[in-house]
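Each in structure tokens, the structures are laid out below.
Two complexes, one shared chain (chain A), two partners (chain B, chain C).
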Partner chain A sequence: MTSLKPKLGTRQLFIVFGLGIPLVVYCLFVVGPTLSIFLESLFRWNGLSPNKKFVGLKNYTDLFGNPMFLSAISHTVFLLLVSTAVTMGIAIFFAVTLVQSRLPERGIFRVMFFFPNVLSVVVIGIIFRYVYAPNTGILNSALEAFGIEGPIWLGDARTVLWAISGAMVWQAMGYYMLIYMAGLDDIPPSLYEAADLDGASKFRQFIHITIPMLWDIIRVTLVFYIISSLNLSFTFVRIMTDAGPNKASEVLLTFMYDQAFENGNFGYAMAAAFVIFVLSFGLALLSDKLTERKDF
Partner chain B sequence: MGAHLKGRLSPGEWVVRCLLAISALVIIFPLLWTFYTSFKTNEEFLGSIWSLPKVWNWDNYIRAFEVAKIGSYFINSIFLTLMAIAFMFLMGLPAAYILSRMEFRFRKVIFAFFMSGMFISTTYTVLPIFLMLNKVKLLNNLPVLAFVYAATTLSYNIFLMAGFFRGISKDYEDAAEIDGCGYLQKIGLVIVPLSRSGLFVVVLFAFMSYWNEYVLGFTVLRDRALMTLPIGLANLMEIQQFATDWGAMFAGLVTVMIPTMLVYIFVQKYLTAGISIGGLKG
Partner chain C sequence: MRKCVPSFVLCAILAFSATSMAFANGEKDVAESSATSELKISVFQGGFGREYWDLMAERFQEQTGIQTTVEASPNIAEMIRTDILSGNAPDFVFLQANEAVTKTLMADRQLVDLTDTIAPIKDKFVDGTFSMKSIAPYGDGRVYLTPFVSSTMGLWYNKTHFEENGIATPATWDEFFALDGASAERALFTYQGIYPGYLQCFLYSVFAASSENGKGMLDRLTSYDPTTLDDPGFRNALALLEKMNSEDLLLKGTVGMDHTMSQSEFLKGSALFIPCGSWIVNEMADAPKEDGFAYGMLPAPSLKPGMDRYISTKFEEMYIPSTAKNIENAKKFLLFLYEEENLIEQAKLTQGLPPMKNAVELIEPYVDPGVTASLRILEEDGVMPLGATFTPVNGMATNPEDYFWEQMGAIITGVKSPQKVVDELRPVFEEAQSLLAE
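On to the complex of A and B.
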């Protein structure tokens, strides 16, 4: 048995180093920062000076008393709701039609729809600025061809959030479509064959077979979509409108960022960051709860 | 597979086909438009937004590279992306191996601890990360940023790799062990080759996310000479003097898109397959 001893030693050494280093790095750059968001949010601090004052929960009470912050919450929730609903709806619809269709070109559609997902969000944001531009934009001059005078999409408080949602849907739709297509491939065809024999319509098959069979995937994608589009909202807003016009498209992340880097108000920004962190978990948990499988 | 047309398409199928074609146009046209606009002069752009360029000239690209420094952004992006991928594998490979193929105390707890990181986003941890790097004077440093990229994506990549490694039969490893292979050799000679298609997906996802990353880079890289393509491009858009140079802007956009587009065309099969294997990225 003694001959096993050194071997056991290398095994332990390998585990300690192979796992220890990534663990330390992970703690330093992921876990530590997350914890420090909460800790730092209890201070008033500009991020640079040694002057750091403990203020307790004052940053939070200030935040929720700030109408700018409250409207940033409602803009964020609006973007998430609209882009989630539209993206999921279109993605499921196209996934089902592509999987069930006999179209010879469906492979090409798949490749095309997924493509925006590999592009940089910065690039997408800039391109959509040109799509939505009032005079030189693609969208309005296309509308003009139909005799419609398009709004100033990104310059009008009434349309700006819809326009940003449009870009978000454009970016994400193909990715979710592919996930649903993968899920649809796992549904046994015999279920549809049986339904066909019973004379069930395509629509009934969709409601009673497709949706229930996809339900678990839909739930997971919903949670991921909420978290990822919350994150993407920063870049989309930053590039497309920089929170304008007149803060009409301010979202939580741009609010947080400007508090830190424009106003030098790091403690306050950390409090906003913590609210975002809680909100993203809250929304994810909520959507998970709401979609919990009752009996189908 | 079963895409053979049995007879003619029904009217319903034609409706579906039209709907799909319109959507595909909505997806592809803005990109196509960006591409051909990048060859138009500024006067042509303002004159008619739809028309094709009269002459396909490279002036915009020359300006984008000479005046707007797109070339140096490009080199920075390549350097940063490759280095981040290297750091990620250096840390992620052994960790994924240990967590998926070795038995020891607290293994499950440590794995769960790592996985919880998938729910944390750099869009808000960027504040403490900035403060930390600022304190030790490591802002404006590409290798450091690459390391931060690797560190903040470790959870997701370990999750993917551990998933691929778990499926490998123990027999291969036992055989390698009899041949006297150590752990690192087993990873390099057995595990990596056997899961190469999975690892290829990991490389692809990592490439895409590092190449396109904006928030962290934008915050940490303030020196123009170090900016990456997305950051430089966003910067280009903000600087007023270039905002009126549409041509250079579009040339810049196309320059950023080309590498991802090429990668996409060559590997889209693996990428779309990866979606169903690897599931979701955060």
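On to the complex of A and C.
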């Protein structure tokens, strides 16, 4: 011990202090709760009782034997895939269109597209519930004008997840469009001028200049979107369908919430929470791995 | 500096600990010294608001000198959960028996026995009140919850439309189905589609009226007895639901509507009937209605003429958690609420009353005639009150009650056949029954 003492100078102490505080905070607010969730998941507990019964990994085996949990996973993955692909696609398309077309109304469009992001997710959920209303909703009324009988968007297992995806895309699109527009502004115009001189079409410029130059931003936004849409899916489902019809729109977070707070099954819900944590972490890692920079 | 930093941190930690302990001790002292002169009530702030509770707390404090505080929130269930877990349980709670927190407390036997408290005023209540499952949940006659407001649940219709068009209200299912097409551009039936739990507003009565021993069957059903699923009365009721779909009697789009949408459609005249409780009158007070609309309520039709018909009653419950610190004060407060002058205030401020024998007379001056009509329905010949509710079960991966109503919704919307529903309900009932037996 005494041999170490002379080595601990002010600089080292500052480093220990500077790293120690964030580490303590991280352990307190991230590692601690995660471990505590895992520990709770090993018990059968109703969330209120002083009595907890240790059941080991039974909550996990029950969870993966529960078809409702498995369908909640598939619904969540569906929403993540569809809303991520559509949101990112539309956001990039609009960003490129607005930046490259140099429209004078660019500012107005930017505000209009960003506007849904200012609204509360709950409000957007309610708006879309009315948009999709079977008899009086704007969507079915519009379809009716063309002689098409619209489906019962939120009441049919075949359409409900698509309908929720629509609301998720509308909510997020403007935000990501703005991020891509900022990224596009940083691409030197000389690259496009050179491509024009070489006779490259707009599409080839998009594929070979825009996408590669934006790639790092796309990677970051993908991870952001996956994590945020996991959370958003809870609010949208809760407001728009309450997981119906017949659990056809149950997602992982509504499953977990219902088990904990509606079904008095806290240990089981904590097992679901731990699986969700692992899943979201895994999805974020996977998207990062899949989008690793390659030569364009 | 080297010596100074750790010393400073150590001092700060010590100071913080000492201060925290001082505060903790202070709180403890206050709590101990005032254990007999305080009352903390936690109430659900929904359609009844909080004005009534604030007034009662003020009056109770004036009368008894007991310091009474009101915690009211639409999210009170979560607040109560946190309070209980942190050892600060409320002394008195107003929250429905079918709320998850209440169900958990019931299943875990964490409620104070109120049988002796309520005994002196028991006769003022409608007969049978204290034998209902939501009030005496363990079937041993002991009372653990008491009613705050009594609502009736049944099939609502537009009285004016029926009278003007000479349509007789149906007493049997044959008469009910014969009304299909009786009014142009009106479907026969709608319900609160995405919330199939609303189907209980009439299905409990349907089960009870679906066979000669329907009420006995209903008791077995709500205790998750799997043999009920093969009962002819139960199968009769499922067949009626199936018929609603196979004969296309539901208002188009019902399955995708929430309670507000479907109730609005009914009020605008899109459907002849909707199941709901008496709360619909206040809930939809500001919603647009067709000209001359007047609320009328029916019990669910019976299979044959002359059979008893039932109206489900639903209470909003009050109770005292067993971990409350001021149980005696809470009991005094409970009795205080049932004093006549306070009941009049309740009628004025909440438009609701507990199931007292004189409730209709007390409430009549203050409420919409629709509410009075829904309460007076129990005075009709051959209409019996019904207090059905599923027994709470803890520890199941599938919430058996919610699952049951979802399956009823699946039949009425044509997603599943009655046989498939029975097959899927059976393992859930078996698991629930075995957990209840534990």
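The working rule: the second predicted complex is superposed on the first by the 264 of 296 C-alpha atoms of A that agree within 3 Å, B and C clash if a C-alpha of one lies under 4 Å from a C-alpha of the other, contacts with A are read in each partner's own complex, and residues count from 1 in each chain.
Methods note: a contact is a pair of C-beta atoms (placed from the backbone, for glycine too) under 8 Å apart; a residue touches a chain by one contact, two chains touch by 3 or more.
In this text, all values refer to a predicted model and were calculated from it rather than measured experimentally.
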| item | value |
| --- | --- |
| Contacts of A:G47 with chain B and chain C, given as first, second, both or neither | both |
| Chain B versus chain C as contact partner of A:H208, first or second or both or neither | neither |
| Contacts of A:F261 with chain B and chain C, given as first, second, both or neither | both |
| Partner chain(s) touched by A:F29 [first = chain B, second = chain C, both, neither] | first |
| Partner chain(s) touched by A:D62 [first = chain B, second = chain C, both, neither] | second |
| Partner chain(s) touched by A:T10 [first = chain B, second = chain C, both, neither] | both |
| Which superposed partner A:R219 touches (first chain B, second chain C, both, neither) | neither |
| Contacts of A:D156 with chain B and chain C, given as first, second, both or neither | second |
| First (chain B), second (chain C), both or neither touched by A:A273 | first |
| Dominant contact partner of chain A by residue count, chain C or chain B | B |
| Residues of chain A at both interfaces, chain B in one complex, chain C in the other | 10, 17, 47-48, 129, 136, 261 |
| Chain B partner contacts - residues on chain A that touch it in the complex | 10-11, 14-15, 17-19, 21-23, 25-26, 28-34, 36-37, 40, 47-48, 90, 94, 97-98, 101-104, 106-116, 118-123, 126-131, 136-138, 141, 170, 174-175, 178-179, 182, 185, 220-221, 224, 227-228, 230-231, 234-235, 238-239, 253, 256-257, 260-261, 266, 269-270, 273, 276-277, 280-281, 284 |
| Residues of chain C that touch chain A when the two form their complex | 1-2, 5, 77-78, 81, 84-85, 100-101, 103-105, 107-108, 110, 193-196, 252-258, 261, 265, 270, 392, 394-399, 402, 406, 409-410, 413, 415-416 |
| Contact footprint of chain A on chain B as seen in their complex | 2-6, 9, 13, 16-17, 19-20, 23-24, 26-31, 33-34, 45-46, 49-50, 91-92, 94-95, 97-99, 102, 104, 110, 114, 117, 119-121, 123-132, 134, 147-148, 150-152, 154-155, 158, 182-183, 208, 211-212, 214-215, 219, 229-231, 233-234, 237, 249, 253, 256-257, 260-261, 263-264, 268, 271-272, 275-276, 279-282 |
| Contacting residues of chain A [partner chain C, same complex] | 8, 10, 13, 17, 44, 46-49, 62-63, 66, 68-69, 129, 132-136, 152-157, 241-242, 244-247, 258-259, 261-265, 268 |
